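Since the structure comes first, as structure tokens, the remarks are kept for the end.
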Amino acid sequence: MSPVLKFLDRLWQLPFLLVGYLFTWFGPFLRELGGMVIFFGMVIRSMFRRPFEWGELVIQLYQVGVKSVPIVIIAGLFVGAIVGLQFEYALGLFRANQYLGGIATSGLLREVGPVLVSVMVAGRVGAYITAELGTMKVTEQIDAVRCLGANPIQFLIVPRFIAVTVMIFVLTILGLIIATMGGALAAYILADMGVSKYFAGIRSLDAAWALFNGMAKAVLFGLLLSTISCYKGIMTEGGTEGVGKAVNSCLVTSSLAIFIVDYIIAGLSSLTFQVAESLLEFG
Amino acid sequence: MIEYKGVMKSFGGQTVLDGVDLAVKEGETFFVLGKTGAGKTVMIRMLVGLIRPDGGSIRMDGEELAGREEEDFQSIRRKCGMVFQLPTLFDSYSVFENVAFGLRRLGDVEEDEIFERVAESLRRVELDPEISERMPDELSFGEQKRVGLARTLVMNPKYLLYDEPTTGLDPFTAGKIDGLIKHLNESMNATSIVVSHDLMSMKNLADRVGVLWDGKFSFVGSVPEFMEATSESVLEFKKGLAEGGRKA
Amino acid sequence: MTAILKYPAVRTIVRALMQILYVARLGLTFEGIGNALLGFLETMGGIVSLLVQVLLFIPRPPYRFRALLEQCVVVGWNSIPLIAVTLGSLGMIVMLELDFQMDRLIHDIRFIPGVAGIMFFREFGAVVVAAMLAAKVGAGFTAEIGGMKTTDQIDALELMGVSPIHYLVVPRFLACVLMQVALSIIGLFCAFIMGHLASIQSFNYKYYLAMMNQFVNWPDFINLILKSLALGWVVPVVACYYGLKCRGGARGVGEATTKAVVTAILILIIIDFTIGVIADKLVTAVLSFA
């Protein structure tokens, strides 16, 4: 790396660090945020460096993805049913039952599905990644990786980062399908509403947009979760207790991030939908 | 040849190393004694770039190590084999993959050669190569430690750095590990630095001994010299060990 | 075919797949499936038996009010920022989404505050707070007790003749159940206020309250409290169960924490669903009687 680039590298870290030190109460939070942004940049840069660890990536895809499938299925099924039930009750109060399918599906695809899958996966995957990296940190395995001639970011972080991001996307799609089925099942079994009637309530443009929305969220949540969990793992300090604390803090940070980002996207998406619809109508 | 000159290091305002001067000759086994927190581990970690010195100079075969960046340490790390206090095996890899880890990082080693070198390395630490299919958590602690040793040896390092090799082991296993290290040092003709506070293994292994006291080497000499030394720090160190109930 | 194998990337991928098969080989056999089933039954049994033991220990002296207060601060007071932020955002999200959907599908946005109120009271108030507590407090319990277990402090307690369940789990259990109720109400309040702020352009204060009043009744509030009580036990019991069971140093503690959080959230969702179904049936049964 040339000295000019190195200087620029330091320079764009500077605002985060300066603002971080300005506030004592707000300071730790901003420093953490700055640290994560810098970490994210480091990971993205290391991603294109050779050699790429294909083997480690495949193992992590299995660990993160395949092993989370049962949890996503169970959670998706029940949450779909819960949302179906509650909307059925609420809509029943003003006799709008025939819209149940549309509202419940759209709500599941846009909001509940991505958030739920991300929170579940944060519990399963984010915590797993943090615990594994944290254990490797406190038992000096990361030092051993460095001594054996591998770059820990390239070898450990990049495969996990990619695996979590990709797998949250795939798991979210799976979760959305399962949750939609759960809603329809709940409506059929508990509210005596035929499946065809349930799905007839869905407007195709709404559903397509909702699906797109949910997927966009899934990508964003994936990036957030992978950054947070890897960062918390690699920053672990202080033995056995430190690992537990790191996992805990990873969970709290990721749930906060998920909810706040979700709100921002919900605000943006209702705006963009109007734009998209007007384009379609006039186009 | 490893030379320390005036190496300084402090952590959060507390000075750990305060001008360490030392020269380790080719082919010898140098033993660093000191109480916990004296900076012994810090000293050898500086050689592989896990910790950077605050000041002073460290030279390995004439190359300056202080002030290097992470990327520039790769060539140094190929020459140095670090054996950690814990086995530090990678839990998700089998024993074979653990030992082959460093070879695979080199990128241009053929699969057959990797297989041979791993088996040879496992035999060197007196383990059955059959063990290579198992996972680390199926092994005993002593076996894990040997696999860790094999993982370092497979790279054929010129310098071997042992961080408390016998701590946490019973005297029987510790004696075996000592014998293994001695045998390895002789057969590979490697230069090694052993960091420990175990006087038994010092007697077994050391060519020369140094006592790290208050951030400096207060004594450097051969084993008989150490046993007879009457300087204040050496006496205090021996007394401390004796009061702990572990006489040499 | 063999030509492909020359590429190092392909070789590493093949090797990784073989390693996965090697690790997963037990899971693919009948024995593996049986073991998984047994493990599931063991976990459920362990959680239920810990719950029963805790309930039996509660009335027994000595009463550790100081420990209870300390745990209440840890569980309740320290979680308020998290609960306020998550439930506040949730309130805004629900209003935004309902506004969008009701407008598109029903072309009628009059009832939005009411539907949102039902969502808050009957669903999110208790469940989301419990899930957040699982992440914040449950993981902390498992890490703390797991750390004590791996450093033999639990055994030391038993040697001194103190039951670790009585000493460690009971205060955490009581604090969690009490604070779950309190935090549900606080979280509901946050969601209520933020929901109003998010929809202030469509509904004024009076209309928002009037709609809430029309849809949400006392039974819904009682539903919230009962649900909080019914869900409150899950987090401390599951977290303490995994903490007390954990073995094997830093790695064990990390794994136990992960498992505790996932198991707790799954149990929460399943209980919530069951309560939802049973509550509806009960209400209809009572109404048909009356």
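Just so it is clear, A, B and C label the chains in written order, and each chain counts residues from 1 on its own.
Going forward, a contact is a pair of C-beta atoms (placed from the backbone, for glycine too) under 8 Å apart; a residue touches a chain by one contact, two chains touch by 3 or more.
For clarity, every value in this text was computed on a predicted model and none was experimentally measured.
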item: Taking each chain's C-alpha mean as its centre, the one farthest from chain C; value: B
item: Central chain (distance from its CA mean to the mean of all protein CA atoms); value: A
item: Which of B-C and A-C has more C-beta contact pairs; value: A-C
item: Computed distance of Cα centres, chain B from chain A, in Å; value: 42
item: Chain A and chain C: spacing of chain centres that average the CA atoms, whole Å; value: 18
item: Chain B-chain C separation of Cα centroids, rounded to whole Å; value: 47
item: Residues of chain C engaged with two or more neighbouring chains; value: 8, 19, 251
item: Sequence positions of chain A contacting 2 or more other chains; value: 51, 59, 135, 139
item: Chain B, residues touching no fewer than two other chains; value: 91-92, 107
item: Chain A - residues contacting chain B, complex; value: 51, 59, 63, 135-136, 139-141, 143-151
item: Chain C-touching residues of chain A, taken from the complex the two chains share; value: 51-59, 62, 71, 74-75, 78-79, 81-82, 85-86, 89-91, 93-94, 96, 99, 102-103, 106-107, 110-111, 119-120, 122-124, 127-128, 130-132, 134-135, 138-139, 190, 201, 203, 206, 239-245, 247-248, 251-252, 255-256, 259-260, 262-263, 266-267, 270, 273
item: Contact set on chain C toward chain A in their complex; value: 8-9, 12-13, 15-17, 19-20, 24, 82, 85-86, 89-90, 92-93, 96-97, 99-102, 104-106, 108, 111, 114-115, 118-119, 122-123, 131-132, 134-136, 139-140, 142-144, 146-147, 150-151, 215, 249-251, 253-255, 257-258, 261-262, 265-266, 269-270, 272-273, 276-277, 280
item: Chain A-facing residues of chain B, complex; value: 45, 48-50, 70, 74, 77-78, 80-82, 84-86, 88-92, 101-102, 105-107, 151, 155
item: Chain B to chain C touching residues, read off their complex; value: 91-94, 97, 107, 111, 135
